[in-house]
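Letters A, B, C and D mark the chains in the order given here, with residues in each chain numbered from 1 onward.
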Amino acid sequence: QDFKIGLSNGWVGSEWRTQMIDEAKAAAEAWKEKGVNVTVEVQSANVDVPGQIAHVRNFISAGVDAIIINPNSPTAFDPVFAQAKEAGILVIATDAEVSSPDALYVGIDQKAWGAAGAEWLAKTLDGKGNVVAINGVAGHPANEMRVAGYKEVFAAHPDIKIVNEVNANWDQAQGQQAMQNLLATYPDINGVWVQDGMAAGAWKSIMDAGKTDSIAATGEIRKDFIDLWTKDKLNSGASVNPPGVMASALNVAVLMLQGKELKEPAEAGQYKNAMYLPIPFIDSSNLEEAAKQLEGKPGYYSYTSALLIEDAEALFK
Amino acid sequence: MASIEAPARIRSSSAVKRVFERYPFLPALIILVVLIALNGWFQPRSLSLVGVTGLVKTYLALMLLAVAQTYVIYSGDIDLSAGAIVSLVNVVIIGVMAQWGGDGVTVIAALCIGLATGLACGIVNGIVVAALRLQAIVATFATSIFFTGLALYIQPVAGTPAPAAFWRTYGGRILEIPFVFYVAVLFAILLVVLVRTRLSLRLLAVGDGQQEAFQSGLPVTRIRMGGYALCGVFAALAAFCITGDTASGDPLVGGKMTLFSIAAVVLGGSALSGGYGTVVGSVIGALIIGFINSLVFFVGTPSEWQNLVQGVAILLALMAGVLVGRGARA
Amino acid sequence: MSRLQLKGVGKSYGATKALRHADLDIEAGEVHVLMGSNGSGKSTLSKIVAGSVRPDMGEILLDGKPVSITGPQAARALGVAIFYQELSLAAHRTVAENICLADLPSRGVFVDRKALEDRATRYAALFDGVTGDDFSPDAVVQDLRADQRQLVEIMKTLASEASVLIFDEATSALDRAQVERFFEILRDLKAEGRSIIFISHRMDEIFAIGDRATVIRDGEIVGSRQIGETTPAEIISMMVGAQEEKAAAADATPARPAGAPVLSVRGLTGPGFSDVGFEVRAGEILGFGGLHGQGQSAVLRALFGANPPTSGGVELGGKPLHPKNPRETIRQGVAYVSGDRSRDGVVSGRPILENVMPIHYLRERMMLANPSALAVKALPALQALRTKFAGLGHPISSLSGGNQQKVVIARWLIDRPAVLLLDDPTKGIDLSAKADLFSLIRKLAQEGIGIVLYASEDAELLDNADRILVFNGGAIRRELTGAARTRFNLYQAAYEAA
Amino acid sequence: MNASIAFLRQPLVVALILIVVLLWLGETLSPGFASGQQILRLLIVAALLGIVAAGQNLVILGGREGIDLSVGGVVSLSAIIAGNLMAGENGGIPLAILACVVTGAFFGLLNGIGVTLLRIPPLVMTLGMLGVLQGLLVVVRQGIPSGRAAPALADFVSRTFLFGLPGILWLWIAIGLVMAFLLNRTVFGHRIYAVGSNEQAAFMAGVPVRAIRIALFVLSGVFAAIAGICLLGYSGSSFANVGEQYMLASIIAVVFGGTPLSGGKGGYTGTMAGAFLLVIVQSILTTVNIDESGRQMVFGATLLVLMLFYGRGRSMRA
């Protein structure tokens, strides 16, 4: 069996995305053992939404069997996915949900991801205290879902007060600057909800301000940070969006191309087309384990997990 | 008695020179033809009707935005907020359609409101740059931040879908011909008409020297504002295309297009310093960017190299455009 | 009743009083000449009337009625049009578009191309035969020569059909034939009853076309004379004021020195000239003559390395010189003064000091610039030219044109050059500054510097050059020495078919 | 009276007054904002921007629409290279500095060559170069792991070094002094202004126009590279696109410092104040609790209002 799969990634601003592509390529390789020849064609570049639509159109021109996309927009691909479907191409989105009825989402629930961090923070703070949030790019769907997730959780804890929310554009240095400004303005912060790489920046400011012991903040999953976390015994917890999501999606895609049917149709999420993957969580209880997985990896390498072929097969009839 | 002609100026090449003077986009056109050929060579299907339709759909917005940018560059100005205007108009029309429903009348009303929004943004830029005389690069960067904020206010997160009738029309066919081709033809007619206007000519004259134009009795401030207003209107048209193609609202959708629109204008042979250029060139410039991007994929560039190869190719095309254009004209 | 009247009009730029309380009457059907040295306020007055400069005080009346001229557009609406000294053309537009730009023939929002072309052709036709045959209404202005651009600016001014026409140094780049034709047109306009303000530094033109002359000195109107009732000498003495009268007269019989050759040129060929050869001796002032644009400037710029020659041999003080760029030639002792100071000379917005020093920096290979040490070098050079300035730290743009040019010349006086190339150095310079300049040049020649002088004014050449090479069609056609240096010979050689 | 108004209108003075006003405003809106410690932290952030803006300033001064949009890319690349070469070890610092400076100079040189020898407009050349650098970043990060700052570098940026100021502020002050000396007391400086104000006249006076302009772009690349190293020290580890935010910010800092984009006049002292001013505005906006949309609208409007204090172009009617 021969399948050609196109992988589209519209943002290469973080190592997470690089790792995502690498893991997906490795997953394709792994199919060889099963006698299935999966070739991947990759378009991974910094593009805007129109640019990524061009990715999809290029794949259609190239005649792929399936497209797996980490999309820059939830809704903007509806028309082009419809076109892909017309051309008989299977479309799977990962990492961010899409509204298209012609596509399937395989990845984590970003809202639950945001909520998980917030739950940990609320528990750590005993349900009370002053919290600030440092968010990614305002208006970006993944960011907004995560924000909705933490808001819901904090709303359920009347004694937790969100004193300010700022956007630092998923940029580590901006996260650090934002945290610095927030620390100066709010001397009585107890908790920080911060995403991804910005967490490392925020923690740097917290440590510079000598508040390591008095502040609890969410963390991230790159080896560098996990090491720092272990070494300085940070009061942190990180929900994991594993870069392996695209590999998981690829395995699902191949099985579908083989004509297999899902046991439970993918009908989760707001668009009723999602198949959610589990969200691991790292805190003091399993920090060591996480560190072990990352041993020997480069500093930018993220803690990961993916559906192996067997795991995926279990989901099909 | 006539003054005697100095012998040095070579007159033989003046015909070639004339041609390039009149059609400054010729070098760009040559680059484009080569790129199209290469695309066809490496991926024949990219030149099929579907492939070409897809390309037009994808890059029509950039073409329109490049044209928008051209009008301000004509007069020696620049608009770093063009992409932000696209985003703003995009969320405005999506918002209106979501509010009022997606029937034909509403869609038309939404588009009118969108045009008005683009026009208003253009006028704001015109006031800030021409009337208040702030430096265009920094002032329109500031307005771009403002417009983005406004877009975020109107629609805090990307998403809201466009009515199906809207994008199905845009993506569909009429009499077996893809709708976008009608749009492209309309667009071409519009450009031909605009070339003949007083505003076009006067913008170019202002671009040749504001002080001179003012002293000649031209209402320079009003003309420059006219350029920005036109830019706003074309940015709104670009937003319509984006909305047709993405069928949704996104407060950040146009942000990255600004710099590409400037690159497209330069690729098309217009002078950034003003006074010299064509809108056709800018359209070609936008297409060059599009074909470079797809060619990079079709030749099989490894993914981690794609951005670099695109960057280098665009830089080389920019340089070639400037150099060939100058060489041919000199 | 006067067509145009100025009453107490004044304008200051910071501390500079460009125009003080000016009163002026212009009649219908007269050519009214404005005379005055550089920076006396002629252009300021003109621009105020044309609306592009805002006066600080005073009143302007047209046909006896006070008017408010709020800008160039308003001025045109009131029937006032102007030829700008520094031109107002759009370089990438065609001649036709430029001629009609201010008042585009249109149908609705569209340009009426046909009407535009017709109108432009009509005005261009006025100069048929003197424009040069590469001139046409659809030529792009950028490709035109300086004289052709001036003609376009004239056509543009005429196309306004205004009743008051101002020509601010409209003839400075024109050749004799073009000037003649222009004057014919002016006479026709006069006959139609239009009022013309005409500004020029050329005395002969003024007496050829003017009806009345008004002299401005230091922003103040000194007085008016009927042209028929005055003499050049009277005008000049009004211009320079009592204390400087002697300055105008130049030495008519220069001594004939004959030192060693400083500069010898053989078979020099380049853009605009071919096979040019000559020799300049120490202490000699060699003149370049002929109609303007016959290669004189091009040769000088080539020798300086600004537009390098394509072939030929040059020796400077016996050593070969390869003029590749100014940097190299300056180092070897070549100096060059351009008449186009705003283009080639002045670094506007920067202090006078920085404008005097660049040659010194280069020749001394300096790295550091200590202002007080530099002032010691700069001041004598400026004083030698009697430059008027308030302080070395003031921006050069605060000076009048003539004084700016003196600063530009002064930069060559700090380190003596071996040869001084003067490319119409007095263009737009007033008479007293000219006199200063030429006496300095003579002095430099006597000190052994070889001097080549191209002057577009014949009198300057005849008065100051020891020997004149007449250029025509990019080549030297005649050499005039000693008693042969007459105006007649000069014209004859200049107008001979190439 | 006139003299004092003229004094108050000098860009540097305007910037300083605005700084004081904004600090006061910040303190009012959120007490603690104008505390000594916080001002120091803001100055560190301003220094990062200010160092990038030094190069930007030079390029802009050189005239001919001089502008360097590629600085952001160079900052990012330099941070990554530095992080990898020092890999958390102090011993790696010298090599890292050398490599970054050479890299910055190299891309500056390419820009300079494109702009002068090929006569590509600077905006176009450096915009194209930005695309190349962004692509290069992707390639580089793929091949080599992102590195970490050496402890000494981190200390240099954030720990007190002398008289209560961290090393980076001393570096910034030193750069300020060098720039002032360079621009006012050296032949090179005078030539920069000459080229920026009237290139043709400079050429005719023997100024090596092209060499000067190339040098300006090289210096811009070098300053951006230095800023990249400092940024690495600031954030501890390198990561993608760190420099992106400096592209337009550095231009605004220059403009707020009183150097018009047309070149030929202005200087670096103003730019330093301009950089600080911009950082203060941004910080105030982070500390007030409003929606991001509101923040951006206020930020955009504030920039416009601040611009009114500076370079309004001349009226065409003199």
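Quick note on the criterion: contacts are C-beta pairs under 8 Å (C-beta built on N, C-alpha and C of every residue); 3 or more make two chains touch, one makes a residue touch a chain.
Per UniProt, the chains are B, D = Ribose transport system permease protein; C = Ribose transport system ATP-binding protein.
Everything numeric here is computed off the predicted structure, so don't read it as measured data.
Q: Quick one: point me to the chain whose Cα centre is farthest from that of chain A.
A: So the farthest one, by centre of C-alpha atoms, is C.
Q: Weigh B-D against A-D on C-beta contact pairs and write down the one with more.
A: Of B-D and A-D, more C-beta pairs in contact link B-D.
Q: Could you grab the centroid distance between chain A and chain C? Build each centroid from C-alpha atoms only and quote it in angstrom.
A: Centres of chain A and chain C (C-alpha means) sit 71 Å apart.
Q: From the C-alpha centre of chain B to that of chain D, how far is it in Å?
A: 30
Q: Distance-wise, how many Å sit between the C-alpha centres of chain A and chain D, to the nearest whole number?
A: Spacing between the chain centres: roughly 34 Å.
Q: What is the distance, in whole Å, between the centres of chain B and chain C, each centre taken as the mean of its C-alpha atoms?
A: 44
Q: For chain D, jot down the residues that touch at least 2 other chains.
A: In chain D, residues 134, 138, 142, 292-293, 295-296, 316-317 touch at least two other chains, as defined above.
Q: Taking each residue of chain B in turn, which ones touch at least two of the other chains?
A: Residues 151-152, 156, 211, 214-215, 304, 306-307, 310 of chain B each touch two or more of the other chains.
Q: Give me the residues of chain A that touch two or more other chains.
A: Residues 12, 18, 45-46, 138-139 of chain A touch two or more partner chains.
Q: What graph shape do the protein chains here make by touch: line, ring, star, complete or other?
A: Topology of touching chains reads as other, fitting no named class.
Q: Judged by the touch rule stated earlier, which pairs of chains are there in contact?
A: In this structure, the chains touch in these pairs: A-B, A-D, B-C, B-D, C-D.
Q: For chain A, which residues count as touching chain D in their complex?
A: Answer in residue numbers: 12-15, 18, 45-46, 135, 138-139, 163-167, 171-174, 176-178, 180-182, 184-187, 197, 200-201, 204, 208, 224, 298-301.
Q: Tell me, which parts of chain B touch chain C in their complex?
A: Answer in residue numbers: 1-9, 11, 21, 196-199, 201-202, 204-205, 207-209, 211-219, 271, 275-276.
Q: Spell out the part of chain D that touches chain B in their complex, as residue ranges.
A: Per the touch definition, chain D meets chain B at residues 65, 67, 114, 118-121, 123-125, 127-136, 138-139, 142, 248, 251-252, 255, 260-261, 291-301, 303-304, 307-308, 311-317.
Q: Would you mind writing out the residues of chain B in touch with chain A in their complex?
A: Against chain A, chain B makes touches at 43, 45-46, 48, 50-51, 54-55, 57-59, 61-62, 151-152, 155-161, 167-168, 170-171, 242, 244-257, 290, 293-294, 297-298, 302-304, 306-307, 310.
Q: Could you list, by residue number, the parts of chain A that touch chain B in their complex?
A: 7, 9, 12, 18, 21, 41-51, 53-55, 57-58, 60-63, 73-80, 82-83, 99, 137-141, 143-144
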